[in-house]
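In what follows, structures are represented as structure tokens.
Heads up, the next two complexes both have subunit A, just with different partners, subunit B and then subunit C.
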Partner chain A sequence: MSAATDTVGGVRSRPADAVAAWARRNSWTIGLLAFLILLLVFTKVIQPRYGVPGIQGLAISVLPLALAAVAQAIVVISGGIDLSIGSMMALTSVVAAALMEGQSGEFAVAVVVGVLLLGLVVGAVNGGLVVVTRVPDIVVTLAMSFVWAGCALLVLKTPGGRAADWLKDLIAGSLGSEWFPRAAIALVVIVAVIWIPLRRSRLGLSLYAIGSNQLAAFRSGVSVGRTKILAYAFTGLFSAIAGLSLAASTGIGTPVPGPYTLMSVAAVVLGGVSLAGGRGGVFGPIIAVVILQLIRTDMTFLNVNTNLATVAQGFILIGVVMGGSLIQMRRARA
Partner chain B sequence: MTVPATDLLLEATGVSKTYGAVIALKSASLAVRPGEVHALMGANGAGKSTLVKILTGAVRPDAGTIAVRGRERTVHSPGEARRGGIVSVYQEPALIPDLDIRSNLRLTETPVEPFRHWLRALGLEDLDLSSLARRVPLATLRIIDLARALAIEPDVLMLDEITAALPANLTERVLEVVGRQRGGDRSVIFISHRMIEIAAVCDRATVLREGESVGVVDVTEGSEERIVELMLGEIVGDLPARMADLAAPAARATGAVPRLAARALASATKLHDASFALYPGEVLGVVALEGQGQDELFNILAGSERPSGGELLVDGSPVSFHHPADAIRAGLVYVAADRAEALLMQRSVRENIALPFTTRMRRWGLIDLGEERKKVDDAIATLQIDTRAKGEVRRLSGGNQQKVTIARWIAGGVKTMLCFDPTRGIDIRTKHQIYLLLRDLAEAGAAVLLYTSELKEVQLVCDRAIVIFGGRVVAEIDAADADEATLLRAAYNLKADARMPEDLAAESVAAEAAAEPAQPVSDR
Partner chain C sequence: MTEATHTDRAPKPWLTVAAWRRLIRDRPIISLIGLLAVLVVASELARPGIVSPEWAGVILRTAVPLAILAGCQTLTMLTGGIDLSVGAVASMSGFVVATLVSGPGTPAGIVIALVAAALAGFLTGIGVGVFRVHPLIMTLGMSLVVLGLANAWQLQMVQTGGGTPDVLRWLGSGSFLGILPHSLLVFVPLAALILLALRRTGYGRLLYAIGDNPIAARLSGARAWQVLVVLYVISALMAAVAGFLLSGLTNVASVTLADSYVLPSVAAAVIGGTSIMGGRGGYGGTIVGALILAVLSSLLSSLGYPEAVRQILFGSIIVAVAAAYTRITSES
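Our next item is the complex of A and B:
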């Protein structure tokens, strides 16, 4: 039935119109991309030696946060928020590192599968609690962030364990041309394999629907509770992938949550996902993560005090989001 | 009513539902035959919406049975009801604002070709399916909603106030399409406040009053009286008499100082030259088509917008308001059509009434609770507010909410009341109570400015009326001469002997409806 729907739509709109409509709908992401390119040019200008190693370093350092941003984007699109992403990442990374230590590569494959399932379950628990208890999502996930962080410390008291070599190799170095870091390719593949089919499915539609208008979604026949739980489960899944990437890039498991939760919220906002739900995608947040990271790098090149760089990052966030809404407001009036 | 049960398409018996202490439905029954358009009637708060929600599975009943084609059913969600052949078009559009129309169709598994067919039948030829629902005008959304429901070909289609937000020309198409559903083996349950529409398309009507089915009427010539009687219960008898002596305009002392005088008020592009005087002891009607500057005028008077020109005098001395609090201090209080603008929905009736009153009291220190309670109780009694759900205002019916917004000003003692379409979407009974109240206020010496989209209210409540067209006051008419035809002509700025171009009316309303849910003036 969905195939028939697409054909009918295709007949009506000419390709040029379709491109224009697509560009209009993704204007924020396109704008971010343009900003990122400018920023790369700027980086090259202030630091002429910035090249392959810089790009590779950028890709590896960005990977965990980019995945965390995707995780956050999914739940925010569905109208919720998850403050336990950092803790879920810590938990999954220590579980993976602890189980992989001293084991064969084949066993590590089983561990990866297990950890992904763990992520799904942990996320579903978050979602289930939100739906069943009707306690606000922000409270439930904040509370659960303590629970998952505590569990992580039960698994490993201090940073330790060991990630399988093949897992580390997966994101180190580059593939084909040296300009294509493996970490970036891994990110693209993961998102393409999970997010794009999800986005096109009825479940994906339902995610946007409950985030946009819960009552209208309910009346359209969407099972709101089930969709919400699945949204949190997918957030858990991507948190687990982010945790694995953390273990892969550091080689060990770290039981203390990093700054990922709040950074993922920042990236989601900068990436054009409405905190009110229903609007945006995952590509904007990914680009936003790269931009935030690159700004930090540039600050180092410019010899700006790192603390000051953090301050600047905050103001940039407010400035960009405010500027973006001003542009949108003006366009709506025109 | 002697149809054997198995011949009925849908039968609900003894359905009841309570929310906490509030009884939404006591014992509602509804029997729909195949191939009929069945009206569900009742004043606001009679339980129509609750019954619809129960039939579509959005709300679960406490008791009662629902049978479709003779077989008993329990539905748990709108999705399940739809698969069982019951589809509802609700009062607010049920499209997801952030999805395009095509995705919205996919969400409800609606086949596209039938959808297009029904769109054309409803008079919507060129709809771009890739436009976001939030960018589509409200009237169009209602049509899309209806076409989507029709495309599913449900056994029972429920239409809850489908025509309320539609301009006249679209209303006609909708009624035509609904009328054509008669005689098949599918049925339509039709909810509307407009008697003309009921008479035009419905075969029978079930009337609800206070959560109970009080009668089933065959819709024929003259059945309107019977329906109104059933809807109103015993109250209907004494109202016309009371209304009659209201029509006598209060004598105004010549040379009296107006409570409120506007001289050439202007606001940006919408309001150009609004001049009028409002005297104590009178109700002054304001009549205008949608978007003629009346919104800006009332915003200026209520202090929420600054005029770009002109002068405003209260009791003869010029004033300028920077904030609604300034207007309230000058004795100008505002009652909006949209209750949500005025009320703290999560707070109690008492707090809502006391709110403006206590902000004034605070200046002298502690709130005098005893005094406050007395004034609030007086206001509740005067307005006959149904306080069963007094804990949270949002659980009251629309009519009772509006009474609360009025009550808060009565409690404080009102000098000038600005009412902007206060009876919009309110049932007849509550409307009449509000009319009486406004008259009582005027008799007690207050001045009332009343914008109304229902022209017949002018003769019922007002002493005289001013007409605004294109941002200017173009006419002043005494209540005695203000019949609907005269007012409508004036509202279109036509000479009294000019012929009313009907199509112009429809067009103008259609244009307004795109911007706002307009009350079509032309079909009243």
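Our next item is the complex of A and C:
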């Protein structure tokens, strides 16, 4: 990334400038990270015993929602929105749990691969319908959320099945130092392996292009329809990973969609991804998810009614978004 | 095509594809009523003898709360918005009334619930209108706030919880002669008011204007933020009324009572021909849309399909109708 900014216009700029430019571009994410660190310090102050178990619990509880937020971020960046993420997670988690029950660990590997492919296909169906019918994204994915939730119920009527042991071990406990929970490492690895290459590829650029200006992207030779379908397919893929993590953390598959769809939208917006498309990344949403979860934990430490934690989450969502649009309005006026 | 536009006053050529297209495009409610009729016939074929006045009464009784919530979506969608907080506001209102029955009494409870709903709608309207927060996010955040507060209230009121008052039960689940539901007493005036207001009043036209072209609306002197604040207050009040009827219909007061109605309410408005992008649609179509959804879910359950298949068909039909609709209307 720094190589690209160094040679803009053929003039070699000082590394400090590059760092400053990078910081400006990612100011929102850096701000979120700073807030998260403050929040962790605050947590340690109010609960001096908060340590390894707390961090591990946090990582495990955050994982499915963080992956759902990544899934939502990809499609929102491309200018769409997917309200069927929760249902896709339910579908993939029950398929995984139902197929893995009573089977060997090796078979479970094949199941994981199959479920990831299922996620890609399901997402591509969403995207294909959006492109072909030209019905607004929000309507299509809303309707498809019924369809995928119905499919999940066809697979398993009630919560059941069983996730393979190695899948459960993948996110339980820690690796190396006990301060590095496996769930967090898994998240970092998944994002590093899928999102970073995607973002730096031609397709990644096209995603941002159709999100920020569909007509301009079309005129510059981007195949808008195909890119959109691929964006939804990647959203489906990450939803499948989120579904697998859900199966891994609970040990079973649950056919009823959790609150993940709407929370993923909230996390994406808090994470600095514009709902208008074309702006933001996946790290902001992930940090936003951690912050939201940590606030909930802190409120339990402070003996505040957990229902008020929901209220706080709502106010934070509204407040942050209001603040963001205030800043934008100021800038527009200046 | 060109011939048809030339001869606007002359008798229109019938039985041409273009004429039919135009009819469907300009009067979507006709094709929607056609679809509704097809579904009713299908219900009769699936279970001969099921279609009766009593059956119609049951359909109406379940469709009324949905139609009111879909009205919230219709009004907000006309301005290019959406109101995802209707579920939380409706549940909260029904719940607050139920908890206040034994204390301050039903009328006071209804007033308090309406005030609380209006307050939530006011805050949403300020967020959307003044701070220009995306309506999806604003209403989502507001529903978290309302749900959390309702839950906290539930813990407070756990000793004094009363139950759904008789008036609401009478309104929500009673009916005249076992056919015409009492909820029509609320719904018919409300629907008439909305239909009239959208068509005949300046405020109604402003909703269309803001949704169609916000810049043009501003340049013509519309104060969008005032319109939006009033709009979201109206939407929250309507959601509260729907919540009263729902708690009467199900005889349950719970803080998540109306949650499952949020997505169908959006679907009913979309099927009814209101564009989620704003500026196009109306309440007539939405009412038919809500009836279609009610008949459809009754048909699917009378066919004995499991819940899973019902959901799949439900979703597919929404996509199909929306797609057909987009295809027809975009060819202008």
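Keep in mind that, in the parts below, the second predicted complex is superposed on the first by the 312 of 334 C-alpha atoms of A that agree within 3 Å, B and C clash if a C-alpha of one lies under 4 Å from a C-alpha of the other, contacts with A are read in each partner's own complex, and residues count from 1 in each chain.
By definition in this document, contacts are C-beta pairs under 8 Å (C-beta built on N, C-alpha and C of every residue); 3 or more make two chains touch, one makes a residue touch a chain.
Quantities reported herein were computed from a predicted structural model and do not represent experimental measurements.
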{"item": "Contacts of A:Arg49 with subunit B and subunit C, given as first, second, both or neither", "value": "neither"}
{"item": "Partner chain(s) touched by A:Gly211 [first = subunit B, second = subunit C, both, neither]", "value": "first"}
{"item": "Touching partner for A:Leu275 - first (subunit B), second (subunit C), both, neither", "value": "second"}
{"item": "Which of subunit B and subunit C A:Val222 touches, first, second, both or neither", "value": "first"}
{"item": "Subunit B or subunit C, by number of subunit A residues touched", "value": "C"}
{"item": "Contacts of A:Arg330 with subunit B and subunit C, given as first, second, both or neither", "value": "neither"}
{"item": "Contacts of A:Ala21 with subunit B and subunit C, given as first, second, both or neither", "value": "first"}
{"item": "Subunit C partner contacts - residues on subunit A that touch it in the complex", "value": "81, 129, 132-136, 138-140, 142-147, 149-154, 157, 262, 265-266, 269, 275, 305, 307-315, 317-318, 321-322, 325-326, 329"}
{"item": "Partner subunit A, residues of subunit B touching it in the complex", "value": "56, 58, 77-79, 82, 88, 90, 92-99, 102-109, 111-113, 128-130"}
{"item": "Touching residues on subunit A, where the partner in the complex is subunit B", "value": "1-2, 4-5, 8-9, 12-13, 18, 21, 202, 205-206, 208-209, 211-213, 215-223, 278-279"}
{"item": "Of all residues in subunit C, those that touch subunit A in their complex", "value": "82, 84, 127, 131-134, 136-138, 140-149, 151-152, 154-155, 263, 266-267, 270, 276-277, 306-316, 318-319, 322-323, 325-327, 330"}
